[in-house]
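Would you mind keeping the following structure in view while I ask a few things?
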């Protein structure tokens, strides 16, 4: 299939991510990201043709919230689209903006993802995703100890726990370089053992320190057609391709048979379409939706199509560090900042900033020609993006 | 006393009764302890909308005790330190009834250092409410037949006519083969535990609005007659949380988990509650 | 020029006040299966349906990620599925973009809603209001409509009798539509005698609480011609968002609808919309909205709503031959059902309500208090 | 299209959707509410670019995206009815037993009316253009209901 025309990311805006945003209501918080995105793209709201909006409604219990949020989004008098897909919403918003521009319907599109998690109960809200007659009574939000249990089974307790904590501390060290990040704890490697022992347990071996934050925040991105992007921006980040893979609701991956993960499936499909045969060599960095340091560690194997313990070695050898061979989440990732409806968009936005060379203190020390970004949500749903520095041919 | 962030710990503590919002405290009572290390220990007694605070040596009679260092305590009061982060870093711990402690901390107005007036525009208005909308959930014919089976102490599954996979609770179609499921089979009711989510974290149940009791165990049981990933999702007898063993498969090597059996409810109505939980089948 | 996109198949359940016997998944299957049968498409990766676009609402469904339980019945296991969380007609807008952009050749659109599930539909739309300024005075979409009806009626001379005639006609039309088996036929007098809900809106002026599902297959021109004898082309789309606070708007001005329509006409290359359409389907959630939206679309002269009804305009212009929203569709699906109905008319598959030789039609959807957001689609056949 | 399958296994189960929420008014909204609560004054914001006084206040002008954070202006607690409806369907989310009047009231000095309750007059006697004044609430709800309702007054 041939894309009708190329789409470039030309601006990124992010509000402050925090669990203390009592001073702003929802549209006001969104507006922070909108203003920064427009500034970053060098455009005004008058240049924007269409506004794409998304979040998860039950976190704030606002029905069709784009209606109220027009007070902050700039959508008054404009075309709009509202798309949501749970945790992947932010990435789906990018996909939607990509289509709206590629189709020729619009030249410049602003997409906004947000969440104000302090206004609801995050775990209660996620629990409500389960079937009301079977599962809602059983689920505990997105908290699971099963990945930890499986990694411990497969690699032994000591190595698995060490890797998960090393990943956690690495992400915090990245977050310390990102002034937008919500949780910047200043962890050092010598705290690993103490944290592994003492951080409160949430579910099984998933401890509070491993788990992502609950943040208030909004992210906005400006997309433009090839012609406009080239005119407005010295170095846009181009959307090469994206793959979405959902999975049935009722399923279990803990039985006797190996189950193909949506992550591996999406990666195989995306890499196949884009001619990537050796992702770790050909791709320069990865912004991954890592809801916990157990999941983050485990999923590296899936997204990069690795086998055995290759993913653990990447973590143990500091390959995933900001200056490593294959940087993962130089932004600090989801463990640092997690305004859910924005989170998956932040992954694409951060990957774009790296491609554009505009990531500031957490810019990786190399040219980023190709960047990977993932969104996660639902029952192991995945959205995977490939961005490029060169205009896709 | 020492000051942190320019604020005296004692001032933060001593202003607590005056910052207590009586109108919000109706019906709440209990004793709560504050162990601030070198700065001292206090007991807060809440009763009938009143709060009394006194230094205390022994906090054993408290519903919940928060232990932290004075710097963290003041930092949280001033909004300079995030309480969740402090907990993650073990700089703050709550022993006892965390839920009760959480509700008590919300009864205080924000601490303002001496000299800072509570100007109208510095007060940030917050509205707390539980939103509740009654729902009538339909079973449809497939879920309905499965749930009715539970009434008769039967666990039913549906089999995909193409791949043979069993699903329980059943679905209208097999997602993989994209065909309607057609054949009903009875499985279990006993089986082997393949997954245990040992849940320590108390969260609200959206079906009731009430906070769940912890710890509890959400489990996946491979019921007799099922294979591969055909695991059944329910609860474990909470008293047996520490006595069960999860099964697993690594590189084709199967390690069997504990044998479990369902405990049926006396009055069964055709719902998930018809099984109270699973327990060890010793 | 981007490639053309056609609607190749349409299916829907009946719309009923309480489908107590079926859950969302069952309703969706009832739509999915005929769509696949009509087109012969499947979800194979090389040449099947490339994406599923669902329409549903977390708060109506009382379910976080309302599409999460739907993956299997949307054919989307290990495939792409994305949910429009807006008026359902926006699924056409999105499907058009995804296909014209070149990402996929064919897309499934499928929406579901059971308004009977929550205790009160008004309680759901009440949540659309902000917690500090507008929720505390009890606003919901019905009360907001009352205010708009009041503002509009005077300006366009639309009286109680006009509104009763609109409702009575909708009931008669619905009798010819097999998808609306429960719609009552009321006489003008019965409507006039029904109690007030939110003055001047009477109980019979409001669309009935309803459950149902609707879907379509969209495809790029080459695919469309291969799988369908009578594709209906989406030649123009347009939408527009108005202010949130009712007081910030002139409630009778049709600001957003005029913009939405102008954009759709411009994309479809239509200069003179007035006489252009053989069939028109507008989302009349309340009776006053049928003439009001027709004015906003520029199909009835401004201020002439009352005269238009009195002069038999709805029949002459083939407006809502399906019975419209007044015959009963869930709120979030209203515009999508309108588009489905126009497509059926243009395909020549509208049965007893078929308008002879219909070649060009307009479908309209609306969301938000007092029509804050409007979306318009122009459909044409070869 | 009629559902003609065997419905003997179908039934419904009563439940609810119940979750806790904590809404933040933000700096602008808080100032509006605390001023209402403590001083019985109704505040709006003025957008100079659009030459409009907005009530209720908001941080950003949605027309021109101008920042209105510090553009406070007091409007009157009296005004006139510009539009109204009578809510007659009972429901749990409604603030009053029905019937009651929901009116759009343009306060003195404001350019945009607010929606609020109108009481102290039978619904059938309410008319557009009638003069009304705010009746402030005795206990705060920290919302716009710190004006309990409006009532008719002399013009």
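The first chain written gets the first letter, and so on, giving A, B, C and D; residue counts start at 1 in each chain.
Criterion: a residue touches a chain if its C-beta (ideal position, glycine included) is under 8 Å from a C-beta of that chain, and two chains touch if they have at least 3 such contacts.
As the structure is a prediction and not an experimental result, all values here were calculated from the model.
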B-D or B-C - the one linked by more C-beta pairs in contact: B-D
Reference chain A; chain at largest CA-centroid distance: D
Centre-to-centre distance between chain C and chain B (centres being mean Cα positions), rounded to whole Å: 41
Chain A-chain D separation of Cα centroids, rounded to whole Å: 37
Centroid spacing, where centroids are CA-atom means, of chain A and chain C in whole angstrom: 34
Two or more partner chains touched - positions in chain D: 7, 10-13, 15, 17, 19-27, 29, 33, 62, 142-143
Chain B: positions in contact with at least two other chains: 124-127, 131, 133-143, 171, 175-176, 204, 206-207, 271
Multi-partner residues of chain A (each touching 2 or more other chains): 22-23, 25, 58, 61, 70-71, 76, 121, 124-125, 127-128, 131-133, 248
Graph class of chain-chain contacts, one of line, ring, star, complete, other: complete
Residues on chain C engaged by chain A in the complex (per definition of touch): 1-3, 51, 57-59, 62-65, 67-72, 76-86, 90, 93-94, 96-105, 124-130, 132, 237-244, 255-256, 259, 263, 367-369, 372-373
Residues of chain B touching chain A in the complex: 79, 82, 84-85, 87-90, 124, 126, 131, 135, 137, 139, 143, 147, 167, 169, 171, 175-176, 194-201, 203-207, 218, 220, 222, 227-231, 233-235, 246, 248-250, 254, 271-273
Residue ranges of chain D touching chain C (in the complex, touch as defined): 1-3, 7, 10-12, 17, 21, 23, 25, 29, 33, 54-56, 62, 83-89, 91-96, 102, 104, 106, 112-117, 123, 141-145
Chain B contact footprint on chain A (complex, rising order): 19-20, 22-23, 61, 121, 123-125, 127-128, 131-141, 143-146, 149-150, 153-154, 183, 185, 194-195, 198-204, 208-209, 213-214, 248, 250-257, 259
Touch list for chain A against partner chain D, complex: 21-25, 27-28, 31, 35, 45, 58, 60-61, 70-72, 74, 76, 116, 118-121, 124-125, 128, 132-133
